[in-house]
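In the two assemblies presented below, chain A is common to both, partnered first by chain B and then by chain C.
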Partner chain A sequence: MKRVIISVIALAFAINGQAQRIKGSDTMLPLSQKEAESYMKTNSTFKVTVTGGGSGVGIAALIDNTTDLAQSSRKIKMDEKIKLQESGVTYKEVIAAYDALAVVVNPNNGVSQLTREQLEGIFIGKIKNWKEVGGDDAKIIVYSRETSSGTYEFFKEHVMNKKNFANDVLSMPATGAIIQSVSQTKGAIGYVGLAYLDKSVKAIKVSYDKGKNYVEPSMVNAKNKTYPVVRPLYYYYSTKVENKVKPYLDFVLSAEGQKIVESVGYVPLK
Partner chain B sequence: MKKNLNLLSIVFLAFTMNAYAQESNNPIDTLAAYVQKMNTTVTNQSKLKISGYIQFQFQKADTLGINSFAGGNFDAKTDNRFNVRRGRVKFAYAGTLSNYVLQFDVTEKGLGIKDAYMNFTDSWLQAFTVTGGVFNKPFGYEIAYSSSQRESPERARFTQTLFPGERDLGAMLTFQMPKASPWNFFKIDAGLFAGNGTNPEFDKKKDFIGRVGIVKLTPNEKIKYSFGLSYYNGGVYQGSVNTYKIWEDNGVKTFFKTPIGTDTIGSFQKREYKGFDAQITIETVIGLTSLRGEYVMGIQPGQSKTSTSPTTDFTKVTAPATAPDTYIRNFKGGYIYFVQSISHTPITLVVKYDFYDPNTKINGNNIGLTTTGAKVSTAADLKYTTLGLGAILAVSNNVKITAYYDMVKNESSSNLTGFRKDLKDNVFTLRIQYKF
Partner chain C sequence: MKTKPFHKKLFEKIIEGILALSGSITSLAVLLIVIFLFKEGLGLFNRSPISEGFVLAVNKDNPISKIDAKLVKQIFDQEITNWETVGGKKDSIILFHLDDINSIYTEAQIGENLENLPNCISNVVDSIGGIVAFVPKSYIKSDFKGKVIEPVNITPKEFLLGKEWYPTAEPSAQMGVLPILLGTLWVSLGAILLSLPLGLAVAIYMAEIANARVRNTFKPIIELLAGIPSVIYGFFGLVVIVPFIQSIFNLPVGETALAGSIILAIMALPTIITIAEDSLRTTPRSMKEASLALGASRWQTIYRIVIPYSISGITAAAILGIGRAIGETMAVLMVTGNAAVIPSSFLEPVRTIPATIAAELGESPKDGLHYQALFILGSILFIMTLIINLTVEYISSRNKLGKR
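Our next item is the complex of A and B:
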């Protein structure tokens, strides 16, 4: 009996020793899940758990030592760096993939393209009706992510020129909720990662040169860098767990891992 | 078969764990109801956060029984000591746009209350917050900067003298736009306080304390900078018949009784501080570099042997002669921190310089001199400077070890016994902190 108990404890330690916790960005959730599934298939003793919550949540977990890898769709902030230093966490950053951010509307919406300036106007609440941008006479209903989301911050910085979202913007807890809401609401508009695009919503072509050229959010356009709203996706980890997380990160960065990146709808590094 | 058995076990467990979720016969519904109930419980429980830290330390002073601002005076027969400098437990409940906070300090000296306050924020703009209870005075930067985070073991000498305990009893209005607002960088705190620290209020006068500040980041997030202006306007109850100020007579600067000194019982002596603070953090290849500074000047009603304002209730003194006389001093004080984290290591280095001149109108050999009809100035009028050097090792997110050496230099006066030269009162501190 004693031998059985010791074996169980040893097994638990062995499994726990390999178990990796990944937490953070909802944008990266499908990517990490798929990578983890494939990674675990390469070795039955490898165990990876993946949870979302937002980039800020993932980095907070890294500070609190409740995750091994923080997944983030934005770069780490100064305040987070200060907290990591105070917590004695020396960290490393790895870019795992790129993500193109797509602006989506209801499929029944006649508008198919918008300039960056028009998008800014819509999201700050200056443009309130679709007819102002060539659409039907209908109220624009704006969906956004919560403030803890890296996607929220990237969109605000790169599309809205750091201007503030309108007060009546509806904040959604996850990207899936934006897809669902936009697909069910005729006058809706929102933004999601390329990987989340499906037929229930329509992706808008975007112009960053004041209407001269409109580019569709697609894998091809993201890879050839003609689509302008592209951002890196990061993993952050403490150097104390480098040995533990390195095999997983090596897998993500390998040719096989990067194939998965593309298959899930993200842009591979090369 | 095994899988079916497992499924049955889970369903059975769900039923036994929630005897009331019987409305549906579908086991999945029952399980979902149970999970929902658990979720509600967890959400409610997560509103209550318990945190705290303990700072255990060993200190070695230059000589026996020194007076010190590095955690209190040493006992007469001691030049080294162990002590629990701080043992904090904080309970914070975060409701909707509101907070309830209780914080205790438990050390070998006993139990003390540090914070007991609530606050709530308006639901419309979410910019105005009212705070009431016992909490940090909104003055300067160092007062509100947690001792668990601060790189030096103690606050500057002027902070400890002018704001003993850092807290006060009062009500405060804060204006700060929500995080998502572009105006979030701007903050105003303004409050009325009893002015007696954490002691019960005994006089009718309220002290005004306020601070206006900004916090900004450069677009590349490599530099964070902030600054603030603070103002304190209050009064100290005059329990004695005598008030003294510095005047010069026949070349001697010392304390003379004010002309209205005989009829001041029950009046209030003006307590006025003006402060400026600034902080900057820069990310470089060698790590994070921070510079923090603060300068305060003003008028301080104290006593003969201390420039700290009295917090004792003198309103009920029946024999005014027993109440201490008031000594009015013009003061100035400040500090500057240089903090350097070493990139890719858990090590941070700190250099801190602080000064406190409790009486700017008198210095050098004038201190300790007196003349007919005057009161002598004392060690409470000496200027002090402290240079601190330290290294911090963050062992984990819970444990931090600090080694710190305070080099204290006092102003000397040939006319003041015991202070004719710089005292040997440097202190070395080795502190280990556990935070949760």
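Our next item is the complex of A and C:
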């Protein structure tokens, strides 16, 4: 009996030794969870635990060596790079998928397309009324994500030409909250990941060439690269654990893994 | 005299030891948490607001050598476009980010491993008079032909009185917590204005007027209110109260300080009712009977005898209610809109300290500026609740003296 218990414990440790920890961005949480589930099904000895917390948390864990893979919805920052260097970690970066951001308004809003310049004006607070962009005479209510979210950084960089948001924008803790608020506020505008689009809000067609072509945010347009507001989703890992994480990453990048990417609502690499 | 057997005494001693130990461990844990909070936060002051690892560089002929963080933001938002505005020469400002290097030099010129990059940056800064370049420190070598300008470091005064909260802005973060501080106090004030009259009314009703059967039904229901998770309140607020406020006041947006105050008022009610009722009940029966015997009506007895007698308990209830409201995170985060502007009415979005910490800490790089700023906010919140608790202690101790 004793021997059985000991061997069970030993086995548990052996499996634990194989376990990989993934930590970071909440945006990537559903993706990593689905990937990990399918990956563990391919081989019963593989074990992956996925936790969220935010991109910063993930990279901080990588610095402290408390995770094997850091998932991040933004590119690693300069000061994080310096910290990694200081703690002697050489890291590698893998792009796992793309995420398209859609600008959404209330379904009752007459406006259905905007140029990048107009979006910039709205989000930095220069354009304050919908009639300035061809809509009704109503105040524009801007919803944004929290300053530290990867989505916020990406929107600022790609749509607003790195300018800062107006200080009276409403910042919401989660994408779901933005959808809820935009659907119940008449003059609202916000931005969400493509995967979160539903019928309670209206997606805006965006033009990045000063109004010549307006492109609708959709999986097809994101895949054929005509839709411009697309961001990469990253995995970071230390080169020390490369052998350990390689099989998982290979799985994510395989045809099967990329199929999961699409089923979760993100844009596959190819 | 009969003495206890030795092993029993030993047993008692051990139990005593365990109790004392757990007490001291708890106190130690509290102290450690507080020390940790302040230790993590205080590094913020006298630190440069520029993103770590980066510097701002200008042409060597530019007379400016020190620059305010606020001006840096305005320059990079292209609100200030001439050096004259910030005290320099009359020359338009040209912004330069590291990515812009690719439009000036070809990849071959920069080199495969970026070995010529320091040189390229140096040349660019040297050749354009009005340039301000935001580049990594590691690419500034000793033969750099431009001038590195120093931003003014973050001071406690600027931190507490600053009006702009852009903790992740590049190149220079804006750490003004005044709007967040006032937002917290504002929402809590609204909550207490709503919950105190209502809570007091319920407490008086339950302590003095209601019969035992009614009280026995009400009390568990009110106590149940305290057991509902705050995120449920938040969800309720977002889906029910926010649209309601929006349509009733005909506002463009329903996420307002008022919505936060209403939710917090509901959450503070159980605390206020329970404590106020307990203190109302401590009024000695003899005092009430004396009042009634003198011909005072029931209502006169309540507001002339019962309330004055238990006023310190009622104050403690109100203050503990505020304490509950100030520290509440999730519910407020979901319904107040979180816009960091100084509130001027209850029908505007506000941002509170707990909401800011909860929403931002997860994504902030460890030991960075933003991370430390959030810890300072936590320290400020701690000091606020400490003051509240000390006030409660003071009031209840005064009460004991009075009764003597």
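The definition used in the following text is that the second predicted complex is superposed on the first by the 265 of 270 C-alpha atoms of A that agree within 3 Å, B and C clash if a C-alpha of one lies under 4 Å from a C-alpha of the other, contacts with A are read in each partner's own complex, and residues count from 1 in each chain.
In this text, a contact is a pair of C-beta atoms (placed from the backbone, for glycine too) under 8 Å apart; a residue touches a chain by one contact, two chains touch by 3 or more.
Source: prediction; values computed, not measured.
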Clash or fit, chain B versus chain C on superposed chain A: clash
Chain B versus chain C as contact partner of A:Gly88, first or second or both or neither: first
Contacts of A:Lys75 with chain B and chain C, given as first, second, both or neither: first
Touching partner for A:Ile63 - first (chain B), second (chain C), both, neither: both
Which superposed partner A:Lys47 touches (first chain B, second chain C, both, neither): neither
Which superposed partner A:Arg21 touches (first chain B, second chain C, both, neither): neither
Chain B versus chain C as contact partner of A:Lys244, first or second or both or neither: neither
Chain touching more of chain A, residue-wise (chain B, chain C): C
Which of chain B and chain C A:Lys139 touches, first, second, both or neither: second
Which superposed partner A:Ala188 touches (first chain B, second chain C, both, neither): second
Touched partner set for A:Pro173, first chain B, second chain C, both or neither: second
Residue range of chain C overlapping chain B upon superposition on chain A, of 129-137, 237-245 or 327-335: 129-137
Contacts on chain A seen with chain B and repeated with chain C across the two complexes: 63-64, 77-79, 81-82, 147, 162-164
Sites on chain A touched by chain C in the complex: 26, 53-57, 59-60, 63-64, 77-83, 124, 138-139, 141, 146-150, 152-153, 162-164, 167-173, 177, 180-181, 184-188
Contacting residues of chain A [partner chain B, same complex]: 63-65, 75, 77-79, 81-82, 85-90, 147, 162-165, 239
Touch list for chain B against partner chain A, complex: 149, 179-182, 217, 221-222, 224, 281, 283, 287-288, 341, 344-346, 348, 393-397, 399-400
Residues of chain C that touch chain A when the two form their complex: 51-54, 73, 76-78, 97, 136, 164-170, 179, 238-239, 242-243, 246, 252-255, 333-334, 337-341, 349, 351, 355, 358-368, 370
